[in-house]
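Each structure below is given as structure tokens.
Each of the next two complexes has chain A plus one more chain, namely chain B in the first and chain C in the second.
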Partner chain A sequence: MKKNKLLLLSAAISALSTVPAMADDLVIGFATAQTGYLAPYDQPNLAGLQLKIDEINAAGGIAGKFPIKTIIKDTRTDSAQTALVAQELVDEGAQLIITPCDADPSIAAGMITQDAGIPAISFCATTPTLPLAVGDHMFSNYPADNVQATMLANHAIEQGYKTAYILTSPDTAYTLKLPQYFGQVFEAKGGTLLGEGTFTMGQQDFSAEVTKIAAMNPQPDVIMTAAYEPDFPAFIRQLRGAGVTAPIIGADAIDSPTTFSLGELAEGVVFSTAGHATEGSALEAFNAKWQEKTGNAPDTIYIANGYDLGNIIEAAVTAADSVEPAAIRDGIANLENLAGVTGPITFKGTNGMPLRSVALVRVKGGDRELVAQGLPEAADIPAP
Partner chain B sequence: MEIFLQQLLNALSLGGTYALLALGLAVVFSIIGLINFAHGELMTVTGYAVCFALIWGMPFPLAVIAGLGVAMTAALLMERVAFRPVRGASGTTLLLTSFAVSAILRVLFQNLISARPIPVSIPASLSGVVTIGPLHLGMIQLISIIVTLAMLLGLNLFLHRTIAGRAMRAAAEDFAVLRLMGLRANSVVATAFAISGLLAGVAGILWVAQRGSVDPLMGALPVLKAFIAAIIGGLGSLSGAVAGGFLLGFIEVILQAYLPESLLPYRDAFAILLVISVLLFRPQGLLARKTLVKL
Partner chain C sequence: MPRIGKQAVKGCLTLALPLIALAIIAEFFMPASYARLTALYLIYVSAVVGMQIYSGNSGIISFGHAGFMALGAYGSALLTIQTSLLSTSLPNLPQWLAAIAGGHSLWIGMLGALAVAGLVAVLFGLPLSRLSGSAASIATLGFLVIVHVTLVASADITRGSQTFFGIPRGVSAFVALPVALIAVALARIYRDTKGGLALRAAREDEIAARASGVNVTRERFIAWVLGGLASGAAGALLAHFLGAFSPKDFYFNLTFLLMSMLILGGMTTVSGAVGGTALIVVMVDLLRGLEGGSEVLGVALPQMFGLTDVGVGIVILIVMYRLRDGLFGLREVDERLFPEAKVTAIGAIEAPSAGKASLEVHGVGRRFAGLVALENVSFTVRPGLVTGLIGPNGAGKSTMINAISGVVPPSSGRVLLNGTDTAKIAPHKVPMRGLGRTFQNIRLFRNLSVLENVTVAADSVAQSGEDSRALAMAALNVVDLQDLAERPANSLPYGAQRRLEIARALALRPSFLLLDEPAAGMNPAETDALIAVLQKIRSDFGIGLLVVEHDLKLIMRLCDHIVVLNKGEMIAEGTPEEIRNNATVIEAYIGKRRAAA
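So, the complex of A and B:
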């Protein structure tokens, strides 16, 4: 008798804890970081996507018939926890799973979702090998490292720079590979790489490295790094402190308020990012809408990027006319020239890393100035 | 030769910051046998205090003073709320308590303030360069060397010339006897935490000045370095902590400067190897204490 009661109780609890999904609900599971070092990237993406989901549900769901239900779980920026959460989400019936802004936890989650036949999209992982490591159900939602690096190298060549120095950190694929892709393209187009320095992430001490750069003769025409906070501001402060004046090229992770608050130090730094709000652009309209909804101007491109993920999901489900995971996967994989707020997005013909335009911006007077926008020639992009 | 001298200066500046941090750990450990892993969060608190003081329009020097005040208050609060109830418990209990305090504070920062780094506008005058002959020294590097020396001198005077300082040294020797002499244990421990808060505050401001932002997790790495420095120096020995800090800074800078390029990615592994070899020859650390704390 007692046993029966227990069974009944546990059945009741498990019934309560699952989402009461209707047949036509699209259940999206979030295995993303609310805490830990990925939270600064996952949270703004989530906020942007949430806005899109609210808009969709207010209109009665995708195509008026598929309302979206979300299950959000914190991964604590831990790969093992991300895999665990992904398994829970699969068990709870998620038909699409969103993974964090980094390749490692996304691969951990992807191993689960691939086997379950459920499509997974990373908020903003940029490592081009991510879908190769997981399989045909893994996608990302950001311009890949090798694409960004090609745009940056093209810019360096156009500026007439002949020699370059790259600073890498083996701690992540992003900080290691992006500058190396840059070096490959730069050399392929006639530039010379004078050297490669390394740093440990989070260490903040670049004095020894900077002394070596200052002692280089001749000085490099340009220095390229994918370092970001807190390393990037510390690096540039110490580099200028050692009297090195070479221009600096960075990558998308320094698109943060800190970079623009560095004043004279960051003046002239050029970096790649997912979009730029030119006059009359969709991004400008989105920024205005965000300001109206929240009272604050968006302080990072990741908010618009999250909103674009909503656009991708909406377009894929509309095309599939179904919320079956396999149909959604095919829907995403066949998207072509989707008009996102950051620019056109194409998955068709890729391995899962989208073709999206990259914007190059220059820091000028504490604000941003557009240098170039678009996609590089496919032949110039180094293989992952 | 010039480059070598420049690297020595770099080592002095980095080592100084590590020394301040290690000293903050050692001051508390020498009295109550606790390695306070929430020491890094005291740096973060200082960073946020300076950041908000600047946002509210305080001039930079006042913001620095406010930051130091907040750091000392936070250290005292930490002692009162978390560590006093477990004082005298086993080392493991103390260690786990400090991990808990650290984890709780980080989650609070992430959820109540922001998961993203908040920029701190450091005055442009701190980005300057001082040129001494052929050597360049960043303003912040120079300040960190001067401040470290001043703090060491000040702490030394405090420990040797004041009653509270003598009480702290006595407590480090034998806490039980100190209490038999009629000195209040609570006030001695509180003094130790206030000093450690001040040291964390100074190191926190130097750290934030380099990076130009505050984020919830920024205390994690420095406290790890401080721990290594304190271990090399000999846990609980104040002069050992300083020596350990400078030695660690020296090892890191020299390896970064003179390892061949192909081995540079393994710099941290080499640094830790050197630390282990120091410990093989001096298992108690460079300047081990002769007496052990018994509570």
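So, the complex of A and C:
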């Protein structure tokens, strides 16, 4: 058995960087981005999850008997690298694998973990087709694009908006599909879509689009886009500069400090996010705890989102009463109304994209104001 | 018929054996993660080698090969996607495509990838091949952007920017190996073919290559298509390796990764492509192991994410600083390890038409936007004689040479070379009709060997069945460079470089040789050696020589017949003795007053 010898050898080499796991350890492998454009999303999630893991381990592990051990590897925001890292984590005995905030690398990693029978959860990929592409061992930890879009469209209808204009970018599925889902629901509920403009991500020149919108007669009642930094601030600046006053609806990627620092420009912008810290809510308590631990208030919802991923893992392993990958998968798939800090989380009955409440917030005076929170009717959600 | 030399076979084996060994070790004796890394390495090898075929031989840095990978990926993915997913993930597929899409095996997918990449390579290669240098580089960048935008926009076929998924995975090292081996063999064999050598010559000096009978446009086109096919195949493999991808996976990040691999290893050799890829893959993996925070020899290292990129950047800087041509330099590993046996000269270099050849200049005039460079010049260069073309600066000598060699067609009149009007055929065809030339400023293929320099020209005229390398060696014998045949051309002393240029022109079996200031910058000893060589060429081969020279002593010693130009007009023609005593010539050279005195 030469193979075993070499296996041992290479295990010895990799042992330079890892401490061997005990029988009852839960080994979580992270194939997530430490560098590259996904890092700003993966890192706060990781920080939040790390806090939860520290709490769990301080208490002797999940249910007091399954301590968590982590193996963290950088995917450099590259799909091929993510696939390699996922394979390494499988080889190193991970029983659960966390994948980046994007569908491409999550699918590439998920296909490996699916074959290995190990559950994988994306930090915050929102593409609703993600689990369809991989299989029953793939999950995500964020409200899907079509769910967010439905909430936003419901809000637009409730506001009495009759006409809408959507601005999309074909550069990513998120910037393209989310506004289109919005348009579908908006029209299904009696609204009229006046048009769809497109932009190139990172270009920050919206003059053609803005001129087109400014020339529209009548003006749309509302403009919806999933553009985010650096495109969103550039767009809104140029749009308001051209004298367009129509309200703007955005999506969760603009839930960042930049948006709130835009002052008068962003006033009144409504966007979807994973949760809102109302008084007395779990999220408010979490934010206080985070402030106490780190000295800073959390600047993005992704930190609480990562913490909630810890809650999901804890609940799933507790229910399974095992760290066997298959049992963990079943544990996750059967979670129902788990009380997360961002709101209730349900995987039971879904294909792997969770049913989680979506919060709609409005930018007001440089701060956030809750507009709505909850889950849309399942029948309203457009098919992915 | 491509020339598959022994050296190319040695080269293929030298590069193939380590790859085969690597694949076997990785698949049978290593953990799955190393097997996957090896598979990825072999995929990158195919891609980088595809880039090397074009960039390495033509000298044009390509940004476009990730585009071919994208085309290959989508071409294969469409054929192999699970049929059950077609209706949900690609509902708007055009009917003709829907009829053939889905359910095929990986190898059928590979054929699809090659078809798509090949077709696009041909279409884009036609205009691209006419460009050289940085213009061509920018065009390849345009190609990458066009491919990317087209894939994103063709959402009905490609799912646009959304992830394309549902294609069978299963690219192990053993699946990637044959593709990598074929790509490496293709690149290594191509390098030594007539076309590959011709393109490498054009990389070193495009003008000299055309004057040696190289159809630069055609050779660039062939390399572009071959490279595109190799990279397209690599793209198909990467698609099946990942199982899910979108256009952004085949954009700038991948382009720069491939470029760093190629440039680090050395883009002029296939060994460089294979070795540079290995180095980057190994470096990335080693550094990645360190950055997660680990304990090495009892010392705890902190987490340092980003170390990989920084480390690779530093390695590239160091290598480029120390070795400008990359790790593997300008010669293939096999050329260093198993050098070729010496080539023996055989074959005659006499012009087939010697004796009845003719080069006639009929009333040639040339105007550049009002400036008259030449006006109604007529003379004949006779075979077996040395004709001198002299005149003060600005007399129109260079324009005359360009008109004769077909580079700048005359505005009026014509030049007949063995009955063919040189303005009516492509410049690279003029040498094949019997006119060899040298240049005022030496134009050698500097990084090719002395023998290769001459072989390029011999290739253009060699009949089928003839060994052009032996022919080249015969030409080197004439100028007494046979012992330096393996040296790089740029390492020769000045006089020898001049003689090498003459040998290269001779290998074209010309009936006429056009020598543009052959003695410029030579010392007296070198000049004497040159005169001996030229006299030998005239007497032994019956070639007609047209010598443009400032050195009047040399002209008088060497020439049988002299043509004098001044201010674009021919002012005299005759034997050296007649010219020496011609009042108009003396006046043109030294001024009226002195001449009268």
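FYI, the second predicted complex is superposed on the first by the 366 of 384 C-alpha atoms of A that agree within 3 Å, B and C clash if a C-alpha of one lies under 4 Å from a C-alpha of the other, contacts with A are read in each partner's own complex, and residues count from 1 in each chain.
In this section, a residue touches a chain if its C-beta (ideal position, glycine included) is under 8 Å from a C-beta of that chain, and two chains touch if they have at least 3 such contacts.
In this text the structure is predicted, and so the values were computed from the model without any measurement.
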Exercise. When the two structures are overlaid on chain A, which partner does A:P230 contact: first (chain B), second (chain C), both, or neither?
Worked result: first
Exercise. When the two structures are overlaid on chain A, which partner does A:T35 contact: first (chain B), second (chain C), both, or neither?
Worked result: both
Exercise. In the superposed arrangement, which partner chain does A:D74 touch: chain B (first), chain C (second), both, or neither?
Worked result: second
Exercise. Can A:T211 be said to touch chain B (first), chain C (second), both, or neither?
Worked result: first
Exercise. Taking the superposition as given, does A:P170 touch the first partner, chain B, the second, chain C, both, or neither?
Worked result: both
Exercise. After lining up the shared chain so the two structures overlap, which partner does A:E196 touch, if you call chain B first and chain C second: first, second, both or neither?
Worked result: first
For this session: Figure out whether A:D91 sits in contact with chain B (first) or chain C (second), or with both, or with neither.
Result: second
Problem set entry | Where chain A meets both chain C and chain B, residue numbers | 34-35, 170
Problem set entry | Partner chain C, residues of chain A touching it in the complex | 2-3, 6-7, 10-11, 14, 16-18, 34-35, 71-74, 76, 78-80, 83-84, 87-88, 90-91, 103-104, 107-108, 111, 127, 129, 132-134, 170-173, 176-177
Problem set entry | Touch list for chain B against partner chain A, complex | 3, 6-7, 10, 13-14, 106-107, 110-111, 115-121, 124, 127-129, 136-141, 207, 210-213, 215, 217-218, 220-221, 252-254, 256-257, 261, 264-265, 267-268
Problem set entry | Residue ranges of chain A in contact with chain B within the complex | 34-37, 39-40, 43-44, 170, 195-198, 200, 202-205, 207-209, 211-212, 214-215, 229-230, 233-234, 237-238, 240-243, 256-258, 260-265, 299-300
Seminar exercise, completed: Within the complex, chain A is touched by chain C residues 28-34, 36-37, 40, 88-89, 152-153, 155, 160-163, 165-166, 169, 238, 241-246, 248-249, 253, 288-296, 303, 305-306, 308-309
